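Residue numbering begins at 1 within each chain, and the chains themselves are lettered A, B, C and D in the order written.
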Amino acid sequence: MTNQSDYTSAELLAVMSARQLVDGQTVFAGVGIPLLAATLTQRLQSPGLTILFEGGVLGPFVVPGELPPTTNEQRCTRRANMILAITDVLLLLQRGYVDIGFMGGAEIDRYGNLNSSILGDPENPKIRLPGTGGGNDISSLTQMIVTMKHEKRRFVEKVDFITSPGFLDGGSSRKDSGLVTGGMHRVITDLAIMGFDEKTKSMKVEALHPGVTAEQVRDNTGFDIHIDDDLMVTESPTIKELEVLRHLDPEQLYTA
Amino acid sequence: MTNQSDYTSAELLAVMSARQLVDGQTVFAGVGIPLLAATLTQRLQSPGLTILFEGGVLGPFVVPGELPPTTNEQRCTRRANMILAITDVLLLLQRGYVDIGFMGGAEIDRYGNLNSSILGDPENPKIRLPGTGGGNDISSLTQMIVTMKHEKRRFVEKVDFITSPGFLDGGSSRKDSGLVTGGMHRVITDLAIMGFDEKTKSMKVEALHPGVTAEQVRDNTGFDIHIDDDLMVTESPTIKELEVLRHLDPEQLYTA
Amino acid sequence: MAQSYLDLRAATSARDRSLREKVMSIEEATSLVNNGDSVAIGGCTASRTPFAMIWALIRAAKSDLKISRSITSTEGDLMFASGISNHILTSWFSQGIVWGISKVMRAYTESNRARFEEWSHMSIGLRYRAGAMGVPFMPMRSMMGSDVAGQLDNLKEMDCPFTGEKMLLVPALNPDVALIHVQRCDAYGNAQIDGLQFMDIDMAMAANRVILTTERIVSNDQIRRSPDQTRIPFIAVEAVVEVPFGSAPHECYGMYEPFFSHMDDYASLTKTNPEQGVAEYLEKYYYGPKDWTEYLELLGLGEMLDATYRGRSIQND
Amino acid sequence: MAQSYLDLRAATSARDRSLREKVMSIEEATSLVNNGDSVAIGGCTASRTPFAMIWALIRAAKSDLKISRSITSTEGDLMFASGISNHILTSWFSQGIVWGISKVMRAYTESNRARFEEWSHMSIGLRYRAGAMGVPFMPMRSMMGSDVAGQLDNLKEMDCPFTGEKMLLVPALNPDVALIHVQRCDAYGNAQIDGLQFMDIDMAMAANRVILTTERIVSNDQIRRSPDQTRIPFIAVEAVVEVPFGSAPHECYGMYEPFFSHMDDYASLTKTNPEQGVAEYLEKYYYGPKDWTEYLELLGLGEMLDATYRGRSIQND
């Protein structure tokens, strides 16, 4: 058993995210925590996990200490099973070969919509963010796991701009818009694990991390989030998980 | 100067076809006489001619005496500039990279429509022919040169089945059907060179081969074909042309 | 008609797409093909035809297979005559230009015992491509106005909403199974294809399962040293079968050319009495041999060496 | 909007597509780019960016270029700041994740002096692909419902006539010019690309002319020995320019990795006062050097060797 002083909140995030993945799945992973988490579970409990990068890489081997800085550079291709064109790797999502899309988020709302494009009025942006990249396509076409810091300014009632669709306005609105598959599956933060109500598609807390209270989650969420009374509590990161994680990212580029 | 006893009618066909090609053109060539003719002109007057094969080959080098039996075998790829997927090589036609489609024909009608699918009633075929292959796509998308024997049973008023579209029912019918580019350019036979009337799109004779009379052409054509009074007469094959031709096809596989 | 997207996704989702070993015998692989399946066949005319797999399916007496292929050669005759299929979708159907029109194809289609469903070459390619891309159709600009289009009942026309141009839409083709023969792949199904690719890659990605036959199984390590040479990824593949000369008597790029005298013999045999000729051929080469090696022995070592000599010479200059 | 098919065909038809030598200097190649052209840029983020060509276009003081690229890195900052473009169509725009949001991009777009037109990654790829295929649109299944689609005015929705499913249609993108950097090509423009291809092949086939820069010009003979490795055919190419380290300070697969300390320096330089920082950078690295070699000298031999060492190591195991 470990306790909270044994790991950073980014390490907690990585471990909790890793545990959401299931052996045998094909996972479209972004760089940073998602890639780290996917690699962690590949080394520990899911050797049959296949990682895809949007730069055009299928089944790479991530070298400890050489985590690629983007998904579009040659480091991503090391000992990969296949390199393919960007459009073709994204089309694997559309064809249905991918189980999970796994990425970080900057701003999310009640229905799991993500914004990475524009803060403020879209017609007259306060801050122009880098944009969607593959995020829109990934979240349009497959089950999503999003990992991010749990802060009030990041968990908002309604995002200024829907870059990556969650459940849009909730209910059947996602399906009605033409997105008949996929959707938000889990949101993993340093405080808790969230899912979505089957009917309303509103975000709800499914489990709290060790030592975290429901009130803490509420205080750090910018909308009224449903929290069950009989909440699960996640198991704290194991020594083994932390060891492997630190082996993968020895300079703590993503886990400081 | 040569005279008719110096060459076979297939050799005449090959030479006359070769002369229709212009240096610098990109030509989609079928096997047999078309390929032979394209290679002949490449060696003689058009070194900058580019040959495409529907099997997926761009700019091959045809080895004398090793003419490929189909456009889908490795012999076609010898010293090619590029090998690409079938769909992609055909898409070069649609994208507009190809100047000329060049193939043989079994049955043609007044408006240059070709049949290689069905003789007799399409619902109840008398003879099932091998079908279109790339023929339909090639003649839908680019300027066509067709080379064939001039026989009454092959030059018919209306083909039983339009496999490769010429000008359909003549006039603007081809454009109206959605085929806004390409069309029949020339039909080369052992008797004459045919073109198409700009307005009616009906086949007409443009030049007779040496020693051939207008009457001969009429007798061997199954429809009323327009023949100008002031017809050109083609120049008979030169010794050089025949030499190169026989070098390319020493066993006379296609020119017997 | 194109498959519904939710059905397509469900079928793909149900497959175990993990990195796992899939090596099996050719007889075992036949169990992955069900009677009534739509089966896409890789290669083109006499090139990289997955003949070993077709041979095994005929021996296993499959039925009602709905076949599709870019261009169909002798394997079409054999599938009609053996009764495993009475419906082949293709753009061209005969042994090869030099051998003239297939008498067997004529016998079966002209008597309406079997159907040769004719599509243009590109339209077949685009149907597989749409299937590979997970869209229900692909727009194109050929076939319009012709009787090739006229006799088909699953085409649509539309006016492009951007340009107003008339476009033809062809429906996606997602075969139940694709049979593909390659020069090499690993035990997981990562395949490399040298030379002519034909429509194999789109076909593999469109299919609901892929059976790979391969001249040679190589290590996953070898694949990972040149991942930009992988043409079909393991996630698409259900079975890997090592079969040397798996395309014989057709060619396999860089390895062997067609067995021309064998093909001449087949043409002669089926010339006068096509049905009797093809039955004799099936008896001798398909039902007779106890295994693929015995089949190759019947083709003859001399032919194999000659085909290999010619096949390798493509890379001589 | 998609170009009319007849215009596209006419433009392609007018080009000399014959096998001819196209080698020229980088300065000569700039004359193939006209002010106001739509220009597609190969590579992605910090990989195989055709930096030498962008460098030359900035020095040639082009204007009003309408840029498109899959993902845009520092070259976007430099094109905005130099004034050669005020409109970039891309899916993601910043130096790279590790360097955070581009301050230069923010300065130009938030003040409405330049436009970052955002499309999803796949939609850009499909727009090039439609252009490469000669069709006016491509159907797809993402982007619907989002504000990425909401803010664009050239998308269409349709109900699939085969399945009834709602589809999004994106218009073909046929750029006037594509700039593509490759590891090697011949003097005619037959190009081989190792490793990551990004959207370069579709982009090349879609474009009305292609300017290739290459680490090395090889003989046509070498190309013809492995024609299945050719990725862009000579018929699509207008110019071939040999420029060693033509992607520096970005990477070129298998040859060199990004020049990370140079990129760190750029990020620092543009952090506090982005406009002044980028102006200084342009002055020093773009307008200052007399030629590309002098530019490389400014990057520094040490960085070049280090980037090369890292770049080649990809193939070590």
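Please note the rule applied: contacts are C-beta pairs under 8 Å (C-beta built on N, C-alpha and C of every residue); 3 or more make two chains touch, one makes a residue touch a chain.
Please read all numbers here as calculations on a predicted model, not as lab measurements.
Common neighbours of chain B and chain D (chains touching each): C.
Touching chain A and chain D at once are the following chains: C. Most remote from chain B, judged by the distance between CA-atom centroids, is A. Between B-C and A-C, more C-beta contact pairs join the chains of B-C.
As a whole-number value, the distance joining the C-alpha centres of chain A and chain B reads 59 Å. Here the CA centre of chain B is 29 Å from the CA centre of chain C. One finds 38 Å separating the Cα centroids of chain C and chain D.
The distance from the centre of chain A to the centre of chain C, with each centre set as the mean of the Cα atoms, comes to 41 Å. Counting partner chains per residue, chain B shows two or more touched chains at residues 57, 77, 79, 83-84, 91, 94, 180.
In chain C, 5, 134-135, 140-141, 165, 167, 195-197, 225, 228 are the positions where the chain touches two or more neighbouring chains simultaneously.
Shown are all chain pairs that touch, namely A-C, A-D, B-C, B-D, C-D.
Residue ranges of chain C in contact with chain D, taken from their complex: 1-5, 134-141, 154, 156, 158, 160-163, 165, 167, 169, 171-172, 194-197, 225, 228, 315. On the chain C side of its complex with chain B, the touching residues are 44-47, 70-71, 90-94, 96-98, 101-102, 105-106, 109-110, 116, 118, 120-123, 125-126, 128-129, 140-148, 150-151, 157, 165-168, 195-199, 201-202, 251, 253-254, 257-258, 311, 314, 317. In the complex of the two chains, the chain A residues touching chain C come out as 23-26, 48-50, 57-59, 61, 77, 79-84, 91-92, 94-97, 99, 180-181.
Contacts from chain C toward chain A in the complex involve residues 5-6, 8-9, 12-13, 16-20, 132-135, 188, 190, 205, 220, 223-225, 227-228, 230, 233-236. Residue ranges on chain B touching chain C, taken from their complex, read 31-32, 54-57, 69-70, 72-79, 83-87, 90-91, 93-94, 117, 122, 125-137, 140-141, 161-165, 168, 173-174, 177-180, 253.
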